[in-house]
Amino acid sequence: MGYGPAEMMCVALSREIKDGDMVFHGLASPVPMTAVKLAKSMGRNFTYVNIAGGVDPKWESPAVTGSTLSSNLYHGSAATYGLDEIMDLACSGKLDISFLSFVQMNQKGEINMSYIGGDYDKPKLRLPGGAGSATLAPVTRRTTVWKTKQDKNSLVEKVQFVTAAPDPAKEFSVITNLCIFRLKNGLLELESIFPYTTLQEVKENTGWPINQTDVQVYPAPTAEELSALAEVDPNGIRNIEF
Amino acid sequence: MQRKLMPMSSAVSLIEDGQLLAVGGSALHRNPAVFCHQLAKLNRTRLRLVGVAQGYASDVLCAGNCVDTVYFSFFGFENEFGLAPGFRKGCQEGKIKAVEGSCISIIAALRAGGYGIPFMPVGGMWESELLDVRPDFFQVMTSPFNGEKVVVVRALVPDWAIIHVHEADEYGNARIIGSLFQDQLLTRAARKTIITAERIVDTESFQINPALTTVPHFQVEAVVLAPQGAKPGICFGEYETVEAGCMKAYSRAIKEGALDHFLAITTEGRA
Amino acid sequence: MQRKLMPMSSAVSLIEDGQLLAVGGSALHRNPAVFCHQLAKLNRTRLRLVGVAQGYASDVLCAGNCVDTVYFSFFGFENEFGLAPGFRKGCQEGKIKAVEGSCISIIAALRAGGYGIPFMPVGGMWESELLDVRPDFFQVMTSPFNGEKVVVVRALVPDWAIIHVHEADEYGNARIIGSLFQDQLLTRAARKTIITAERIVDTESFQINPALTTVPHFQVEAVVLAPQGAKPGICFGEYETVEAGCMKAYSRAIKEGALDHFLAITTEGRA
Amino acid sequence: MGYGPAEMMCVALSREIKDGDMVFHGLASPVPMTAVKLAKSMGRNFTYVNIAGGVDPKWESPAVTGSTLSSNLYHGSAATYGLDEIMDLACSGKLDISFLSFVQMNQKGEINMSYIGGDYDKPKLRLPGGAGSATLAPVTRRTTVWKTKQDKNSLVEKVQFVTAAPDPAKEFSVITNLCIFRLKNGLLELESIFPYTTLQEVKENTGWPINQTDVQVYPAPTAEELSALAEVDPNGIRNIEF
């Protein structure tokens, strides 16, 4: 079975989820939603909460929209848990993973989701805002941010504005269409690259210098993962951001 | 209990210049869209908006130049529907003051408003520049018990919560089916609530299981029958896809400065 | 989800000396009474209790000399059943530290605990001497936004919420029917929850309308089948009068220093 | 129809409730509960919330227990509103009446519900606590406290401890088995006495000096009120505290 960046990212995100985890993603998050369904399908035993208020909704029902506020994330739940309560869990140190996104990020893992150009009160481009990230990044046990289009405009030397910043004492990783970074001693370090890219391509698409001359290749999706992915996402929701 | 059922025109006219509105739903889901179409036509000014994840209904008010401040953590339409053009334009022209917080910052401000207290601590937010740009909303202070440093947010008390629900009775008892988003919180924080409803039902249907009632009648000032009142967006269990054609027409109207024309067409034949 | 159904003996043995327990129900209503009967037999010490309106179950722990601090706004049995004798005796002998607040002070402390914040402002309390006697729980401070003075309470994070419910599944999803009192709040504030239930039901019965689930499985550490688990008190819709004979026997036992005997008789034949 | 202090107090409390009010009482409050049922029966149009979480429960169903936490205060509600939310309403200035009780009260309306004798940490008699009163008395628009046994031990010169204190800028009244006091300029003033007592008896049962030589007599229960009372309280719950 073939795979591309969409499948690779869903698989990589799903592998971040461990048994016993409490997992959250926000709105506009079709890749994390699909990764969660995949992890459930692969038999991982974890709890999934989301902004639709569902608690472990029936993952077998395919999503029909990329919106991660839809009834697909609610039906089949045995309980409801609202965003308010999810954030309380996080602030009490009970959230294991949150999947977040960004427009710009620097090597410290600082995220800009607020604006680009001009100044805060008259920006050139007003972005949608960081949603949960300014609180979640510092308080969640493990934060994973995803980006479907890594380039020098997204991974930058200097962000225009710090909407959210990670806590260097907690785990923080970045999964893009090309590779995986992890925060070590307060700086993002390239951990592995996906099988279909090269270290050179990653360097060319990263706004800060990568000095490594060698890097491990991340394990490709297994046949089992790809077949499970096809089953949980027959409508190709995973492709929306690509 | 008092009867509060009224036409949309009476309900929208309750809103006054300068008021703080808590707008229900999330992104393109269960917004009081039809209410905001009609409100935008009244040309109210200096409205302030608050909501955790604001979308279409709020954007219509921004596009109509009715808004001068927005408290939010996210403002957009999700995925293929992109950024919210009215809000974006207002900010970029320096007309709208964006008070961005994390989700829980906005939630905490509304909780504090509903609890009758002036401020509340909030988790996280460390190293975020959102703190620096809005000292009127965020402060850092010290716990009097153990000296721990904590970010606090200032309370927000909306003049109105405006939410779209599945079912309401004529007295204002209202029920949302499925995802509540933050709508119950909005009604608890606000001075008064305006309900638009897919259906008007008997009070008896609430008495069968009162635990399913989202808003009790005494919080409500107006109930409006508004079938499909969240369109062009989604309403859980009622209509579950976005009307893409309408969203395109909306974006185009904003680009071309033709919101009035869009609203005239969209609200044609609706009271 | 993990299976968490266990015998009462295993559940009570989870409680350790010195822990803070949030005890569910109100006065003589829907207390985890049978749980506390068994817990009192284990002779735990230095337990701390928190609850807005505490009653029989908490009193049994006080009477058993297990408790050194109680956070409460009311502690008693209502009307003809009078004061709570175990709590009263413990206070009067100087063995129990009473941290009394208004209802909303206790609620605010638990909310703050659940929100992961160190303290929270609370309405009212002006001129109350409760502030003066417990500076470790109450402080007066100033809003950084407008200089307004406000009373704040310190967060409480219970080690355990212990609540009695109508229905639970083996994974910990739990449903209270009728009056919730503050039980949902207790579970949100606590690190973990212990459920005693009138009935064990299928998970499917929760999936029919998840909005009726009071506690989701992931907050729960133990589920115990305990039919009539709130007796001698009341459980909404299950048994609606207090067992007056048992309450009299309890009062007499405390007066005579014969709690062990009372517990032995009351728990006879129960696992 | 005859009446005694129980009927008189229920009637007097019920007359404090006006159309449009938001009304609350706490637990252990059989007299206020009965007064609320009576006011409903008399056609007053107000909203009633209580600790059982009910919102306007079916008042026609007679109570079978004096506990004001019972299902009688829940059934027939069209919505639920928990104590947490009721207190939030109050703190936001939206509660019109709360009915509170006390063990000791002084002429400033300061209430002791905490202890008598000894000191706070080793009292001679530990009382049940003030429940909502320390917050409610200062924030509710109109507070009415009731006492079924007025004497010099309950209305005292000096309270042992101030559990709760009224806000002199708000309305505050005391309704006992003998009479009604209202707070004026920060002090309780005797407003009227019930038809079956005398000014002399009231003075003898008040711990602070009453200098009035004359006082109005409060209007007796009407036949309509007494018949409504008999209907809403056939089990005599109103008598529990007498």
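Note that the chains take the letters A, B, C and D in the order they are written out, and that residue 1 is the start of every chain.
In this text, contacts are C-beta pairs under 8 Å (C-beta built on N, C-alpha and C of every residue); 3 or more make two chains touch, one makes a residue touch a chain.
Here the structure is a predicted model, which is why all the values come from computation and not from measurement.
Engineer: Treat each pair of touching chains as one step and give the shortest count from subunit A to subunit C.
Structural biologist: 1
Engineer: Which chain pair shares more contacting C-beta pairs: C-D, or B-D?
Structural biologist: Greater number of contacting C-beta pairs: C-D.
Engineer: Go ahead and note the Å separation of the Cα centroids belonging to subunit C and subunit D.
Structural biologist: So the centroids are 27 Å from each other.
Engineer: Taking the mean of the CA coordinates per chain, how far is subunit B from subunit D in Å?
Structural biologist: 40
Engineer: Between subunit A and subunit D, what's the gap in Å when you average each chain's C-alpha atoms?
Structural biologist: Going by mean C-alpha positions, subunit A sits 57 Å from subunit D.
Engineer: Quick one: report the Å distance separating subunit B from subunit C, using the average Cα coordinate of each chain.
Structural biologist: Centres of subunit B and subunit C (C-alpha means) sit 37 Å apart.
Engineer: Using the touch rule from the top of the page, what residues of subunit C touch 2 or more other chains?
Structural biologist: Residue numbers touching two or more other chains: 115-117, 122-123, 211.
Engineer: Specify, in ascending order, the residues of subunit A that touch 2 or more different other chains.
Structural biologist: Only 54, 74, 80, 88, 90-92, 139 qualify.
Engineer: Based on which chains are in contact, what kind of graph results: line, ring, star, complete or other?
Structural biologist: other
Engineer: How do the chains pair up in terms of touching? List each pair.
Structural biologist: Once each pair is checked, the touching ones are A-B, A-C, B-C, B-D, C-D.
Engineer: Taking the complex as given, what residues does subunit D use to touch subunit C?
Structural biologist: Residues 26-28, 30, 51-54, 64-71, 73-74, 80, 82-84, 87-88, 90-92, 110, 114-115, 118, 120-139, 161-165, 167, 240-241.
Engineer: Please output the residues of subunit C touching subunit A within their complex, sorted ascending.
Structural biologist: Subunit C residues touching subunit A: 1-2, 113-117, 157, 169, 171, 173, 188, 203, 206-207, 210-211, 213, 215-218.
Engineer: Going by the contact rule at the top, pick out the subunit C residues touching subunit B in the complex.
Structural biologist: Interface residues on the subunit C side: 108, 112, 115-123, 136, 139, 141, 143-146, 148, 150, 152, 154, 209, 211-212.
Engineer: With touch defined as at the start, can you tell me which subunit C residues reach subunit D in the complex?
Structural biologist: So the residues of subunit C in touch with subunit D come to 26-29, 52-53, 72-76, 78-80, 83-84, 87-88, 91-94, 97-98, 100-105, 107, 111, 122-130, 133, 178-182, 185, 234, 236-237, 240-242.
Engineer: Note which residues of subunit D are touching subunit B in the complex, please.
Structural biologist: Subunit D reaches subunit B through residues 22, 45, 47, 54-56, 74, 76-81, 85, 88, 90-93, 139.
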